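First the structure, which I've put down as structure tokens, then a few questions once you've had a look.
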Amino acid sequence: MSGPVQEQGEIFDVTKVGDYLQFTVVAPGVAQSYRPGQFVAVAVGGPDSSMLLRRSFALYGVKPGGEYAGTIQFVVAAKGRGSQWLLAQRAGARLDLVGPLGVPFPLPRESVPAVLVGGGYGTAPLLPLAEHLIAAGSEIELIVGASTASRLFGELAAKRLIGSVTVTTDDGSAGQRGWVTDPLPSAIERLGAEIVYACGPMGMLRAVGEVAAAHAIPAQVAVEESMACGIGVCMTCVLPVRGEDGLTRFLRSCVDGPIFDASRIRWADVGTLPADVLGADGM
Amino acid sequence: MTAATESSTGPGEQAVDMRTSLASFQLPNPVLTASGCAAAGRELGQFFDVAELGGVVTKSIMLKPRSGRPTPRMAETPSGMLNSIGLQGPGIDSFIANDLAWLKQAGARSVVSIAGHNTEEFVNLAKRLYNHPIDLLEVNISCPNVESRGQVFACDPTASARVISAVRRAANPNVPIFAKLSPDVTDIGLIARSVADAGADGISLINTLLGLVIDLDTMRPALGGVTGGLSGPAIRPVAIRCVWQVHQAVPHLPLLGMGGIKTGADALQFILAGASAVSVGTAIFNDPHAPVRILAELQAELAARGFASVTEAVGFAHRAVAEQEEFFASRKLGVGA
Amino acid sequence: MTAATESSTGPGEQAVDMRTSLASFQLPNPVLTASGCAAAGRELGQFFDVAELGGVVTKSIMLKPRSGRPTPRMAETPSGMLNSIGLQGPGIDSFIANDLAWLKQAGARSVVSIAGHNTEEFVNLAKRLYNHPIDLLEVNISCPNVESRGQVFACDPTASARVISAVRRAANPNVPIFAKLSPDVTDIGLIARSVADAGADGISLINTLLGLVIDLDTMRPALGGVTGGLSGPAIRPVAIRCVWQVHQAVPHLPLLGMGGIKTGADALQFILAGASAVSVGTAIFNDPHAPVRILAELQAELAARGFASVTEAVGFAHRAVAEQEEFFASRKLGVGA
Amino acid sequence: MSGPVQEQGEIFDVTKVGDYLQFTVVAPGVAQSYRPGQFVAVAVGGPDSSMLLRRSFALYGVKPGGEYAGTIQFVVAAKGRGSQWLLAQRAGARLDLVGPLGVPFPLPRESVPAVLVGGGYGTAPLLPLAEHLIAAGSEIELIVGASTASRLFGELAAKRLIGSVTVTTDDGSAGQRGWVTDPLPSAIERLGAEIVYACGPMGMLRAVGEVAAAHAIPAQVAVEESMACGIGVCMTCVLPVRGEDGLTRFLRSCVDGPIFDASRIRWADVGTLPADVLGADGM
């Protein structure tokens, strides 16, 4: 596996999907070594911008070859200044990209039944994962949720791919009212799932991890921590993660993640300095 | 030492000799990374050959493993960022075994930054590094001194001098030591003179400025550490002012300048103000190729102004106008570089 | 006092009482101009009614007419600018006859900023203003003290205290006096305590940071004055840190906060950090309507967070999380503003 | 005369003229009270820009009424980051404008023969001035110069307006080789000119002033000093100007200028602190 590259990608297409814009960008270098779960870091604001830091986006589609060869896709939600700038870019403009970054979702050696759970635009990276799993012969189910219908992503693509998809919304404006964790237990049981994959807000990931743990199966989750560099050099993006040796370390979510085993993340301690984290006594 | 970075000729440009020195440390070119912005070089090695740089300055290392501060650890600010990493690191033993070893096999020049809670820790770090092949020791005294109720060493001329003279005695005499200063002081010239008297072979500056951002969602400080260090282009005018003042205060000491360097033109400002070499920090987060890009840009900027070497440009902005003009007049008469 | 700025209701928003005070000076709202960035209000009067602001802080005035420094006097920097105006001004007599008179007839609240070369000049300025209708005296001690080889008063707690106590004795006792501090000090809390002890009724902060830019065409300092003052959004995190620290050092004193305020959200950060009112400086150069725009934005930001008044928000970020939550819980139970 | 306004003007047209771009912007507020010699200050880089300060441009055409009613025109040369940004803007984009700023060219009460001298894009503000003078019955001549042909501006428009125009270039690539001050004396003499108006680089303005002085006639020149605010509040843009009382003051070129009587500017002392400038003893 070759590493990340930096390249100037030309925007090929921008499509509105619910509240989001889906970007298709010609970026053969990023596309080449991509695996599901990885992300791309995009410079925002142009050369004279007051915004120094890149914004990260989970990679959705990637076409290393064939039609649209060398393109990548990602989905952008409106938040602060950086995303607003990106949302104003149009086809033909160039984006300064670094990627693919982060570790991919771990794939089972053999086919295993799996439930995939996406929150909001978090569904995006799950769809290429679903493709891989299906190609490997795994049986899968997908649950997608959001606060409201317009914040759902990937429902149609998922239906095309998997045949069916379970939808939840907080306000009941689409699918069943409630959270993704409501239909999750029965999906795990129905499928006899041996693994759960999830991407979405931190609260959701934690809850998904708890459901998986209750079923004694692992959950691999993609976290979204604030990142200054995205490439592992700055140490801003750390999470308290319990290692195989039982020791908790602050791990960088950009290079040691963004995919973590949910049971290893000390969710309750995120944003604190647990006394038993490695090196806390050195502070 | 790569010939390509040492001196090369662009179209219509004179060759510029990019070699420089930081006390006894000879560098093929004047662009290094800044401590804490390049880890120990390995991750940047994915983007370019770190041996092409003047050197890699590693993240400040302490004696023991250190967790660093709770998250959030950063906030973006206008043309800058605030960080409160809190010197997360593996401790000196792991650093020597892994990071330093990697840098050596990569053929990179290593500037090791050390940090301690008290003078003794600094001394022990210098001793641990005594027999290891390092090119320069950067002493990060911009950290809290537990012996002085947490006041930052670099804010007190006496505490700064005590650390520097102790480290100078403990460290391998063949390795130059640079004191890294904080801009958050009333008189940076005073601190510079005191570390110079204490035996520093040179000075690195500047470290970050103390800042604070309020998160308007939580209505509390945005960073887990409450205050943080401000870096990036926003602070560049302060950094250049500090280089200027310290060059005047201790004209005989070489300076490693940094603070908001994003382009070769920015780097040139530091050199003209008195820096013999520069470190690139926050700009790396924006552009992982920043150090090598800046090196190429700097060379072009020097060539465009008729300099035959980097060293000619060091401190050039301090010279009288007449002296500057005379320099270029003689340059035109000469045979070029 | 304009009813519209004092408290108004937007769609779906609660009314916010915008009144605040700086010691005995009662303001209809907390947005003022910053000294040196609005002259004496007249030019801004072409764009909006300056009486709508909390107040106009005039450019620091000295006893005699002053030419200021040679040009160039400014350089743009990333998200900021450097200036070396050197306190150009007409002198106190002309100021009183023309500028202060204009502000009075315009119905504006006047904060007069004074600057001197030595304590005696500050005292004479305070005396000259004794019988004139001014709302607050801002004492700009961020200027060089000729009695101390040009060291800036605000960099020395003793010199700062001497000026402030002398001005407090000489000035009209009905007019509060605020000391304006420089961020270029090792411990701003120390300076704050010393001016508080000397009788300051409040503190204005921050003045500009000392910076330098090299002009790459001339290869010399870009400014005629060599160094200059850095202002604008670039310095905002430093300014908020200073407000935070000074609020902790002298919690009983009202603070007038400034440094890089460009939006109502920026202003809110200062208020949450402990400022009772804010001054808008460099942003005016970008947007001559900035002060009134920021006032409207600030009101909306306060309303969106459920504050019934500005004063409730002053220093709110210092409170414990539990206390913050309790405040909003009781607010929801209450009958609104 | 009403004062300056701030408005968001929509770019109506961008046309390449030699090395310059000529902008036509819908800005009725600025257009309304404009007089020749005034300028407009344009915010650059967009809301998240690292560039805080406006860039000033001399107003060229202004149409307060009639066809293109409420439009203003100005001419932009590529220099640093701000002008580069402006040069990348296209029709339809909006510019944040403040204007009209500064004092206009003083117009003679009666018709007087006048020579107008423009350097580079400095010709732009002279053309509306020429229109005014012609309408008032003044006989005029125009001399335009530049380093090279592509840096000339307004030749054609001037020819249409005045019938003839004298061109100089440093390199001889258009018109006669040399400086605008070469043909100036004979133009003054030919016309019996009673006033010279000029706009261009500082060195040229100084030289034009000297020629006018040698002919014992005034020269009104438009200076270009570095300005932070453009509206008179910051004091960055000062020049040492001798007053009627013989005293030299540092005057703001944004509000006391940009038009000054050349003989009053102490050209040799620009960028210094002359000991006899008002208040120098207070420093």
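Chains: A, B, C and D, in written order; residue numbering restarts at 1 for each.
FYI, contacts are C-beta pairs under 8 Å (C-beta built on N, C-alpha and C of every residue); 3 or more make two chains touch, one makes a residue touch a chain.
Worth saying up front: this structure is predicted, and the values here are computed from it rather than measured.
Where touching is counted per the definition, the chains common to chain C and chain D are A, B.
Across the two interfaces under comparison, A-B and B-D, the one joined by more C-beta contacts turns out to be A-B.
Chain geometry summary: the mean Cα position of chain B and that of chain C are 35 Å apart. Here the CA centre of chain A is 46 Å from the CA centre of chain C.
Within chain B, residues 78-80, 232-233 each touch two or more of the remaining chains.
The residues of chain D that reach two or more other chains are 50-51, listed in rising order.
In terms of inter-chain touching, the protein chains here all touch one another pairwise.
Chain contact summary for the complex, chain B toward chain C: residues 75, 77-80, 82, 155, 184-187, 209-214, 216, 219-221, 227-228, 230, 232-238, 240-241, 244, 260, 265, 268-269, 272-273, 301, 305, 316-317, 321, 324. Listed in rising order, the residues of chain C touching chain D in the complex are 36-39, 43-44, 46-47, 59, 62-74, 76, 78-81, 83, 85-86, 88-89, 91, 224, 232-233, 282-289. Across the complex, chain D is touched by residues 78-79, 233 of chain B. Chain A meets chain B in the complex at residues 3-6, 43, 50-54, 96, 98, 225-226, 228-239, 250, 255, 270-273, 277-283.
On chain A, the positions that touch chain C within their shared complex are 50.
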